[in-house]
Amino acid sequence: MTTLSLKEVSKRFRTVDAVTDLSLESESGELLTLLGPSGAGKTTILKLVAGLLHPTAGDIRFDGRSVLAEPPEKRRAVLMLQGPSLFPYMSAVDNAAFALLMRGTARSQARARGVEMLTRVGLPGLGDRRPSDLSGGQQQRVALARALLAEPRLLLLDEPLANLDPELRADMRHLIKQSQRRRAITTIFVTHDQEEAVEMGDRIALIFEGRLEQIGPPRDFYERPRSVRVARFFGSQNMFAGTYRGDIVATPFADLHIADGRPPEGPVVVTIRPEAVLLGHGGPANTVEGRIIESHYRGTHVAVRVAIGDIVIAASLRPDEARSFSVGDVTKVTLPPDRLWMMPGDER
Amino acid sequence: MLVAVACSPISGDGDAADPADWDGVVSNSRGQQLNLFMWGGSSEINRFVDNVYGPRLEAEFGIHLNRIPVADTVDAVNKVLSEIQAGRRRGGAVDLIWINGENFQTLRQADALLADWSRRLPNARFVDWDAPEVGLDFGLPVAGFESPLGSAQFQFVYDSARFGPEELPRSYAGLLQWVEMHPGRFTYPAPPDFHGNRFIKQAFYELTGGFERWLGGFDSAGYAESSPALWDYLQELEPHLWRKGTSYPPSLAELNRLFANGEIDFTFTQLPAGIEADVAAGILPATSRPFVFDTGTIGDSHYLAIPANAAHPEAAMVMANLVLEPELQAAKLAPANGWGDGLGISLSLLDDDSRRRIEAVLDDLGELALEPALLESVRLPEVAAEYTVALERDWQQYVRR
Amino acid sequence: MFAASRSGLDQVAEPSRVWIRLLPALMVVVPVFVVAVALALAQSLGLLPLVGDSRLSLDAYRNLFSGGELWRSLAFTSYLSLGSTALALGLGVVIALAFRHLFSGSRFGAFMLQLNLPVPHLVGALAMVLLLGQSGLLARVAGSVGLIDGPAAFPALIFDPGGLAIIAEYVWKEVPFFALIALAALGSVADDFEGVAATLGAGRWRRFRHVTLPLLAPVLLPAAVVVFAFTFGTFEVPLLLGGSFPEAMPVLAYRKFTNIDLAARPEALAIGIVMLAIITLAALIYLRLGRRFAGRQ
Amino acid sequence: MIPRAVKTDSPGFGHRHSERRRRRSTAALAGVVLTLLILPLGVLALFSVTRAYFYPQLAPDDWNLRAWRLLLHPGSEVWGAMATTVFVGLAVVAVALVLAVPAGRALGRHSFRAKRLVEFLLLAPLLAPPLVVAMGLDFAFLRLQLTNRLWGVVLVHLVPTVPYAVLVMSGVFANYDQASEDQARTLGAGRLDAFRYVTLPAIAPGLVVAGVLVLIVSWSQYILTLLIGGGQVVTLPILLFATSSGGDTALTSALALITIAPVLALLLLTSRHVSRMPAAQIGLP
């Protein structure tokens, strides 16, 4: 059970700022996902925490104590990479037991615990195989076993699932989360996939260009994105520029009432999740008329696009709801005030 | 030592060129490419061959001289032997070799040389075939198998900036005393290097009471009885040699380098006209001077020989004849032309003009050469090549170990 | 040694086409090489002699092995090649480890290490004489600063029984070879492996011992075999830099091969066969070792 | 965005200051290594412009271009040797590449029975000492009366060079994507056209590297050329060896530099390609 805090950490490579002024606190035993596009500096942050890189400025603390003076092998912040990070010249058991061997545990004992851990991650009897004889999923299980046997204070996962097939990925997510929960290991999970970040993370830290853009529970990123960039990264489809004054946002197609959010008055961007858009029956506020121009069946839902003048709004209906609409229908469109979210409008 | 050759003799082919019909030889040689195999280590000699003989052959006879440099003449000998043994009786690669001593003996014994041509060359009249230093090559009669190119005599070289002439050893006995006083300052090339062989053969003469005993055929009993004196001497010498005799330089080139850089105090030369060319090339210091032992140094001749399977024997004969031209012998003798090689012809057989021209060159030799008369007075003959082979072999056993 | 296909093997190719593609190279290299070895063997056994009768016999081998010359030469040559291979290997690895970050992203490092690639050993050996000889450039520098008072005081590196200049030449030429191979093997993955190992608690030495070294071994071992074979068989370097005693095997073989006494030729070829046998042995030992690394690549 | 090159910055296993110090000392080490690597060539260059440059001279008393003048003189034997070396080298490169391209393709792209045997057969000549090959073949070449020795030399130079060429080309083909060739075939290119317009441009950099390596190996041969060429095929190394036996240090040094200059220049010209190849494939012992 370890808390991690980064205090105004920066890392500069020659002329490139990889991480700038980053402050971050992780709670003990939580799984924090570091999300961001590739090249955002996520891996650098992980390596800084692991001690493989040294920050240009700032401090890194485990349980409130600075670890900057400690080399990686003393930090017990175990790194697990997306690539084939298993030592190719060692059997699965030897890989799993690596940390124990490094700490001087007797070989037979280390191997015994390696076998045990391999069984626990779902690889009974495969201990003698070389990494090249294991599937990608199996390799990652061995890597996980290896990391867990190191009894880490912090588990640092760098896109560990990126190279796996979708089904395997789901299994591994489950396994990782389960192992992490059971041992309450404070874990930093790096990914560029927002879906994975949402599924894995107790909280998400979104990183853009080496800076922390937003941190919070996954839901916030969908419903309360701090900026247009965040909203766009999370796949927001409905964003309308407008001007905020009083409780009203004036948009080209309607003046919308807002229930929540109080940015300074002026230009804003309003967003709403497609599933929050109501069709058919009018509501108490923010109801306009629109014409359905597209409808696509997507299994769990039906994606509908409604034209309101020049503006197109995406809505998501349950399949049974959707049955009452067809393309070309004119219908009422309601954007509930409590589901609208405003962001500063002066960027991009 | 040399196993008899299994196949039938190759020499004396009916259609081999006959130098008696010299015009026929010359006309047949026209347009031929002449492959001359010779040691290629001296850029001065190479240039002399290319720039003096080459143009003359081309212009006067339409022969294209192709000088093929070898790092050791043995390579060329070996090549002829291999070719002949592999059944290549005609069209061999070697037309002419610069050769003497045990290499001549080897080719003779293998019956691999063209016979009976050299004494019938037009210019053979300038050669004193009866003089032992010409007519015998290491005791073996030249007998028409070789034609002289020039002559050489072993000399030591010292640096006059380091020693006065009076401080030099004048015999092998004196050399031993000298090295004891100057430890680490002398060495000689390891046999089978030619100069190394010659150095120990001279010692063999002096330590066994003179060369006279060894003239004539190989006296193996006498050799076995007397040679231990030589090995005793060389072993006595050894601890006082350069690097205490744990290593010997492999060649004269290396000996020269050691001498020039002051690692040792003597080197050798074979050129009767002195070391001017080596000094000019910067191989030896300008203060180098030749000297000889009072007990004598070996002089001999070197020759051109035509392998029995030569592809172009006519062109080879033309060249062997050409190099005997008095005027070219004089040019070869003059150190300024880069060589300084001794004469292959006899002054007494020349007309006055030619003789005077050569004498002028001899008179003009500076302090980088010894007086011809001095050299003449200490000249020792070569003996049968078997001695060379035996000394070479035993040196490996008793000295190099 | 051959790279495995990254984009997968073409399973569909018809066998005949594969062989048609291989045949030209095989038809040239194999006969020439096999004929060379077969003839060397035959001649060493007294067959196809240049002089005398063709008679199968082990005389050449008997003569060689009963005398001390071959054994001393064998020991000396083995010492030269093993010594220079080990030294070059060690230095090459050190340089690769030191350089891998310095030159990452620029090709200058790799280019630098290729600079002496086109320099023949013959040229290298000639340069060593001028550099390392007792009156060479180093000795002159030592002399000019008063370290030595004459050539004889400079250590004998050339023509010495220890063959130090020979080793120096080999090392000079082979260090970049090993360094290049090690750099390629380290590539970008070694950093990751070492990083992971570090976070798993491996200190500097253990990382080297348990991560870096095992990554390098599978590529450096075959390279070492190649270098061993090469230094064992090279003729020019010991000829130019070696002392009169002991002689390296190629020099001994060549001296016998070009001996005026053609009867010595079988011995020359027998030495050649012994050299081939030793190189084959080295390759077999490597294959044996290689089995221990099976699956590591 | 962080470029990849920067991303692989040295793992800062130590501390802030030692990181910089380490980089500085590594750069210093690089300087030392570079110096040592080119030192022998520098020594040759120095001796080549001197005359009578003996111990204990450190700075030569006699700076002299005599050796260069002699060697670069229009009548110098260097030119003939250079022409011979170039001819042999180019012929060897041409034949080796023609042999190695299909063989490399077979080994790089296909798995088949006896593959290991074929690999062994093609690589074994790499390990065999050239002296032994030359001594063995000497007899056969004499018997065969290969009257044109030049071609005999070209033939034996293939023994140590083809393995390198095959090695490089199999590496090239292992990373080669067959798809574009297949694409070309479906677009109507014949086998030859597909090779000419698709395969050849794709493997061209590899061909350059293989060619340079083969040329370097051929260029460096001494003993094979000496024995098989019977002394008549005078390449630069043969001339160099004969010259060195004369003990003229300046001349030998200058000729040594002349011997390596063309290949060194070639390497500089192609370094773009050569450096880009996986290093394991471009080493020469």
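For clarity, chains are labelled A, B, C and D in written order, and residue numbers in each chain start from 1.
Operating definition for what follows: a contact is a pair of C-beta atoms (placed from the backbone, for glycine too) under 8 Å apart; a residue touches a chain by one contact, two chains touch by 3 or more.
Because the structure is a prediction, the values reported are computed rather than measured.
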Chains contacting each of subunit B and subunit C, listed by label: D
Farthest chain from subunit C, comparing Cα centres? A
Between B-D and A-C, more contacting C-beta pairs sit at B-D
What is the distance in Å between the mean C-alpha positions of subunit A and subunit C? 54
Starting from the mean Cα coordinates of subunit B and subunit D, work out the distance between those two points in Å. 40
Length of the line joining the C-alpha centres of subunit A and subunit B, rounded to whole Å: 90
Residues of subunit B whose C-beta touches two or more other chains: 72, 75, 82, 86, 254, 257, 261-263
Subunit D residues counted as touching two or more neighbouring chains: 3, 6, 9, 11, 13, 54-56, 139, 241, 244, 249
Counting only residues that touch at least two other chains, what does the list for subunit C look like? 50, 135, 151, 195, 198, 257
Which residues of subunit A touch subunit C once you look at their complex with the stated criterion? 47, 50-52, 71-81, 83, 85, 87-90, 98-99, 101-103, 130, 132-133, 146-147, 150, 152, 156
Please output the residues of subunit D touching subunit C within their complex, sorted ascending. 3-6, 8-11, 13, 23, 26-27, 29-30, 33-34, 36-41, 43-44, 46-47, 54-58, 95, 98-100, 102-103, 105-113, 118-119, 121-137, 139-140, 155-156, 158-159, 162-163, 166-167, 170-171, 173-178, 216, 219-220, 222-223, 237, 240-241, 244, 249, 252-253, 256, 259-260, 263-264, 266-267, 271, 274-276, 278-285
Of all residues in subunit D, which touch subunit B in the complex? 50-56, 62, 64, 66, 70, 75, 77, 138-139, 142-143, 145, 147, 149, 226, 230-232, 234, 238-239, 241-251
Subunit B residues touching subunit C - in the complex, by the definition given at the top: 1-6, 72, 74-75, 77-78, 81-82, 85-86, 102-103, 106, 110, 184, 190, 242-243, 246-250, 254, 257-258, 261-263, 389, 400-401
Subunit A-touching residues of subunit C, taken from the complex the two chains share: 189, 192-193, 195-203, 206, 210-211, 214-215, 217-218, 293, 295-297
